[in-house]
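Look at the two complexes coming up: chain A is in both, with chain B in one and chain C in the other.
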Partner chain A sequence: MSTNVISLVSIGAHPTSGRPRRADQDARAVELGLQLAGDNLQVLHAGDVAEPALRAYLGMGLEQLHVLEQPPGADALPALTAYLRDAGAQVVLTGSQAETGEGSGMLPFLLAEGLGWPLVIGLAQVESINDGSALVLQALPRGQRRRLKVKLPFLATVDNAAPKPRQSAYGPARRGELAADDVEVVEDELLAVATLQPAKPRPKRLKVIKAKSGADRMKAATAKASGGGGQVLKGVTAQAGAEAILKLLIEEGVVR
Partner chain B sequence: MLNTLLPILLFAALALAALGALRRVNMWRRGRPAKVDLLGGLFAMPKRYMVDLHHVVARDKYIANTHVATAGGAVASIVLAILVHGFGLHNRILGYALLLMSAVMFVGAIFMYLRRRNPPARLSKGPWMRLPKSLLAFSASFFLVTLPVAGILPANFGGWVLAVILGIGVLWGVSELLFGMTWGGPMKHAFAGALHLAWHRRPERFGGGRSTGLKPLDLNNPDAPLGVEKPKDFTWNQLLGFDACVQCGKCEAACPAFAAGQPLNPKKLIQDMVVGLAGGTDAKFAGSPYPGKPIGEHGGNPHQPIVNGLVDAETLWSCTTCRACVEECPMMIEHVDAIVDMRRHLTLEKGATPNKGAEVLENLIATDNPGGFAPGGRMNWAADLNLNLLSEKKSTDVLFWVGDGAFDMRNQRTLRAFVKVLKAAKIDFAVLGLEERDSGDVARRLGDEATFQLLAKRNIQTLAKYSFNRIVTCDPHSFHVLKNEYGAFDGNYLVQHHSTYMAEIIQAGALNLGQHKGNSVTYHDPCYLGRYNGEYEAPREVLRALGIEVKEMQRSGFRSRCCGGGGGAPITDIPGKQRIPDMRMEDIRETGAELVAVGCPQCTAMLEGVVEPRPLIKDIAELVADALLEDAAPNKPATPAKREPAEVH
Partner chain C sequence: MSDIIRRDPRAEWIARNRLHPLHAAMQPALHSWMGPNGVIRKNPHGVGFIGPNGIKRIDRSGAQQGGAVKRSATAQVQLPLHQVPAPAFYISVVPDMVGGRLSSHDRDLLGLAHQLAGADGAVLAVVFGEHKESAFATAGVDRLLVLEGEEFSGYAPEQRVQGLRAVDNQFNPRHWLLPDSRSGGGELGRRFAAALGERPATRVWQVKDQECIGRAGAGLQDLARPLARLILAAAECAEPVSETRHEALPVELSTSVVRSLSRIEDLGAVAVDPAAIPMAEAEFIFSGGNGVKDWALFHQTAAALGATEGASRVAVDDGFMARDRQVGASGTWVTARVYVAVGISGAIQHLQGIGACDKVVAINLDPGCDMIKRADLSVIGESAAILQALIAAVEAYRNDGRRDAA
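Now for the complex of A and B:
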């Protein structure tokens, strides 16, 4: 079984010092890719080939890392879409959100849309790949897992539920090759007109602890998220289903 | 009959020995090249043997005297025997000389035999139990066959029966002493040991010198190996050094990891390297195994990776690099160098630093400190102290190297105490502040030479911008690295540990000191201050100045037992039967002292990690700061009403 796996990586930033490093989630994407494809894993980055932090990915034991050369401020999406379409990738892995740059977390979605591939978010494990489809585990909150069957090719994002990345070693990092590909540079117009400002931490919801005993607290911490007011629609027509969804969206104020 | 037999036996044994020597030399030559003064080393060897090596052996008077008699007698006997019985120079004076020498050797061998009747656990058994008997056979046989030469007995005394017995005795003796010497018998230690002393990788250690800094890897040459993967990746004189081991087990007895039941035994490690250089398995090893690892399951050869064939990785990661083994080794073998060499391969090539190792190394790269703290917080401990920054002052007398203890709340107390002392002594001092980086100690000892060199070069670059007379630090690890390991990268400074510096300023009368009040005190020698840098006296001098009479531990000074905190051991955290700091605390408790003075943030952390009740742990700087007397005592404010802190449940 030789699956064509590509992991997408970006330049990360250390949470306390802000210095460039391998991005944690992207490193997990590489780790998962290495477990899946071993030496056949391809790793892809769109950006500056001279960035030393890229070597940290090579240090995980890669022989080569492809770089679609782009200046800062360029849109990575068209270049990646074109490359992935031509590369014949079957599984594309990436972190959920970049640690630097825009960091919107939109890239996987836009990529999947552009390629017309299914997207699995929060991939925790690939169980098997057979007959053009993969059996994967998706991470849900509180340690839950959902088994999904996905048709190849597909795109998946990994987060902290994926296996920890292996140590990056100096020897392979020094030996590995950064192969630069020339690609057409597309200016990211949205980024050019927007102003960047430091993100404010999202205010935390006040947590009222109602539990009286340790057992209660344990239950509160481990219980499944329960929406309560949910409604399961089964065996309804597409028309009826769409109406029900629209009704909910209007109720929730998403659609006005 | 013996007159024809003896020369044949002697020269046959010598020829075989020469053949074996060639074979052995070729084994060593499988190692990588090393810069060694071949001829100079050979000339220096007798003095190194008789002075430097004897100094170490003489710590155990019994064995020192025994060895002088046995080895001296044996060397002289062999030379004389070759002359007298080999070349047939039946000269009466030579005969008497040979009688004397073989008698001396016989006496020595008897004491050797007595020591072996009830051997301590650290000694290897197996062929080593045979050695005293072989020595007795050799000396007794040559004594007897020489009696006619000296004219004491008639030539044909005893007839053919005695001749046969003596012939067998001589055969046994020369087999062990000549043939066995180069073909891997216990006497190999004499042959390899002598050459090891001649071509030692740290010749600076001889003549009372000290050489403890790790040797740098050449990272500029992409073809140079990153550490040691296979036995042949050691330099040839390292291989020779392993071969010199006499299996006396002094290292084993001193090793804190072995005592704690972690899977390391320095003696076994060196023997495994010998197995590696010659090829085979460890089944013939006749000493204590690595705790928890049975003998006979490991093997290898010069061209096979060491880890997971010959030695398990956790054996290498158990070492605290405390250097107790190197200090005790009468052959002056460099265990720590070998361990770090093998760790380098694991970290730099395999990315296999265990447990928290990878995280710590990543933090060091990204934040310049092992804890991953925001680098901007490096000076938070001194927010209210108004310390001079070297970036503003440009030049100072004392550069206070703070170390990564700056991020540790316990160590901040020590740092603040030392600042108090410096201020009281009106010293002109400054700190690097946010420009300071980790010294690279942990990275280097975890095998990450690349990160070490990165940190070292950046620190050296920073230090080059300023002028100062000396660097003073409260951390013996930074002290050692700055003093002994930055030199290879052109960073040469006068570096002092704060205990040395305080001893100096106390001597100069710069401090108005009272007396230490209360409890009895013992002192724990940090490895990186003591064994690595030979500073045993200054801390004790400071304590004496405070009116403290140190209640010495059994294991103190150069025999001090490690706290377990060195070499990244708390990071790699290899499990054992007990914890090293608990054992050290037992040593401390034995003295009955209520307080233990320390001079190292690692030791403080490790010893304070021992569950209470236990003696208090205080840094020397804290003790000095507590004993400082205010010059002009200001009017004492009225003592405020005693407030009891509210109890917290």
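Now for the complex of A and C:
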């Protein structure tokens, strides 16, 4: 049984130097796609076919990479929606956020809305695919996982909880083929009103003390561990103490 | 103010001065009076006054004057109430409510909402399902809309979007604010934006003069744009509300929310190996210190509770726990929601490390240690006995749950 999987990739930017590279989350999407579909994986990019960083994806062992050719500043959404509608994919994987441009992370949501497909956020693992539905594990904050059952076809974003991407090898990267398609170009109207500027470092939030009197200010400056307020159980049996602790843990939802 | 009892020289002076208007109020309580049978009755407890050390002093020289009124240190400040009787417009906020309470990110967002609402607008908080929060009023919520129902429980993002659409139809808020967080807000906001067809401003960290600035790309650039209707704001986007109290008036939806056919079914949380979760982001940490004598029992309890293990420096130095499990200034600064400290007295370096924790539970022999002052619940006693009782209680709870489910 083979699944028809498409991974969407973009051009990343190195976090320090800003040089073009393979985007980390997109590479994870390709890795997950390779684990799911093997050689049947299709990889799709909307943008410039001549970008050398695209070859880093081919170096992960892909034979071909489809490119919907667009100039920079064009809206990738209409072209991708039109392509995916006819591609017959069961699973479409994307990173959760682009590393260049606006990087709003809206693309998978808008694609899912346009295609009418369900969308899974933070896919960590696909457990099984059968009978028109898939069992997947979703990554939650704090290392937790949730099991979801989702109808095919579906879109999924991957984040840093997905499997680490394999290395990109030079030989396959040279040999792989970049297949360009011409598509209709739609300009992104956001760039007409918004401006991109170098990121300003955000100042650390100051602890503002709004004390009215000198005594309050002194207290705020010399405050130690906040005393009092807690419930102290003294001279109770171990069983009663354990019950009280367990009650709090259940209330907080950490013991299930 | 501290609870230390101090002499109040001014009160004593007023008590001596018969012409002062407050003279009568400052007189010590009467301690001898004529009883109903004509016998003089005395209240021996009323004699004397409480001295600066909290010890009762009786001055028989006649020099004692001041009232024995213990000055209590209640400094509960009542903040001024901010009222919006007829809101000109609404600013709608959908807080994350991690663990059923407002997070600091949510409070920042409410602060930003007040910045946008000014004096005429009202801040409407939309909360899904049950919550445990009692401080909506001081966090800055003017109107509170709780969308309850089992359709919103669990992971139901599509149904929640339907709920938000109903709110949008009824209240037509000027702005929608959601936290751009991984704990739900970022996803819900983007789904809602896609459903509305609005282009949201994401990762916004500053809103000023009808312009909002958010991080773009991988964080190397900022995107400045005109104020969007839907804003997904980063943490610390504005100062939280701290100087006013708000009404938090409950409001309700006039229409019922459309049930959406769910294409994503939530099959519940999956058990994760707690040891594999990095300490810094673990939700539930069970930490042991010098007071733990039976480490096998400690590990057994952590496994029974399903908690990530932590340790104080002493336990690590003595070789009972690995170095990467150390909590505190020279170890990991943890962000757990619930932190259980067994036999940890609470050195300041350790308390710094758990500064971000929400609920702290202490099990300790010494009722005077610093950890007990920090803890929300402390049990004084021998840790081994309490841990054994805890294992038994957890097992009984789980068995009960299984029997109920069956």
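Operating definition for what follows: the second predicted complex is superposed on the first by the 197 of 256 C-alpha atoms of A that agree within 3 Å, B and C clash if a C-alpha of one lies under 4 Å from a C-alpha of the other, contacts with A are read in each partner's own complex, and residues count from 1 in each chain.
As a working rule, a residue touches a chain if its C-beta (ideal position, glycine included) is under 8 Å from a C-beta of that chain, and two chains touch if they have at least 3 such contacts.
Small disclaimer: the values here were computed from a predicted structure and weren't measured.
Once chain A of both complexes is superposed, is A:170 in touch with chain B (first), chain C (second), both, or neither?
first
Please indicate which partner A:61 is in contact with in the superposed arrangement: first for chain B, second for chain C, both, or neither.
After superposition on chain A, A:61 lies in contact with chain B alone.
For A:118, using the defined touch cut-off, is the partner it touches chain B, chain C, both, or neither? Pick first, second, both or neither.
Second partner only, chain C.
Per the overlay, which chain contacts more chain A residues, chain B or chain C?
Of the two chains, more chain A residues are contacted by C.
A:78 contacts which: chain B (first), chain C (second), both, neither?
A:78: touches no partner chain.
Regarding the shared-chain residue A:249, is it in contact with chain B (first), chain C (second), both, or neither?
Touch partner of A:249: chain C, not chain B.
Once the structures are superposed on A, label A:195 by its partner contacts, choosing first (chain B), second (chain C), both or neither.
The second partner, chain C, only.
Write out the stretch or stretches of chain A touching chain B in their complex.
Per the stated touch rule, the residues are 14, 16-17, 19, 21, 59-61, 166-172, 174-175.
In their shared complex, at which residues does chain C touch chain A?
Going through chain C, the ones touching chain A are 1, 99-100, 132, 155, 157-158, 182-183, 186-187, 190-191, 193-195, 199-200, 202-203, 205, 213, 215-226, 236, 239, 242-243, 263-270, 272, 276-278, 281-284, 305-307, 337-338, 340, 346, 348, 351, 358-361, 363, 367, 370, 372-382, 385-386, 388-390, 392-394, 397.
Sort out for me which residues of chain B touch chain A in the complex.
Residues 222, 226, 347-353, 357-358, 361-362, 365-368, 372-375, 448-451.
For chain A, which residues are in contact with chain C within the complex?
Within the complex, chain A touches chain C at residues 12-13, 15, 18, 98-106, 109-110, 112-113, 118-122, 135, 137-138, 140-151, 154, 190, 193-200, 202, 205, 208, 210, 215, 219, 224-239, 241-246, 248-256.
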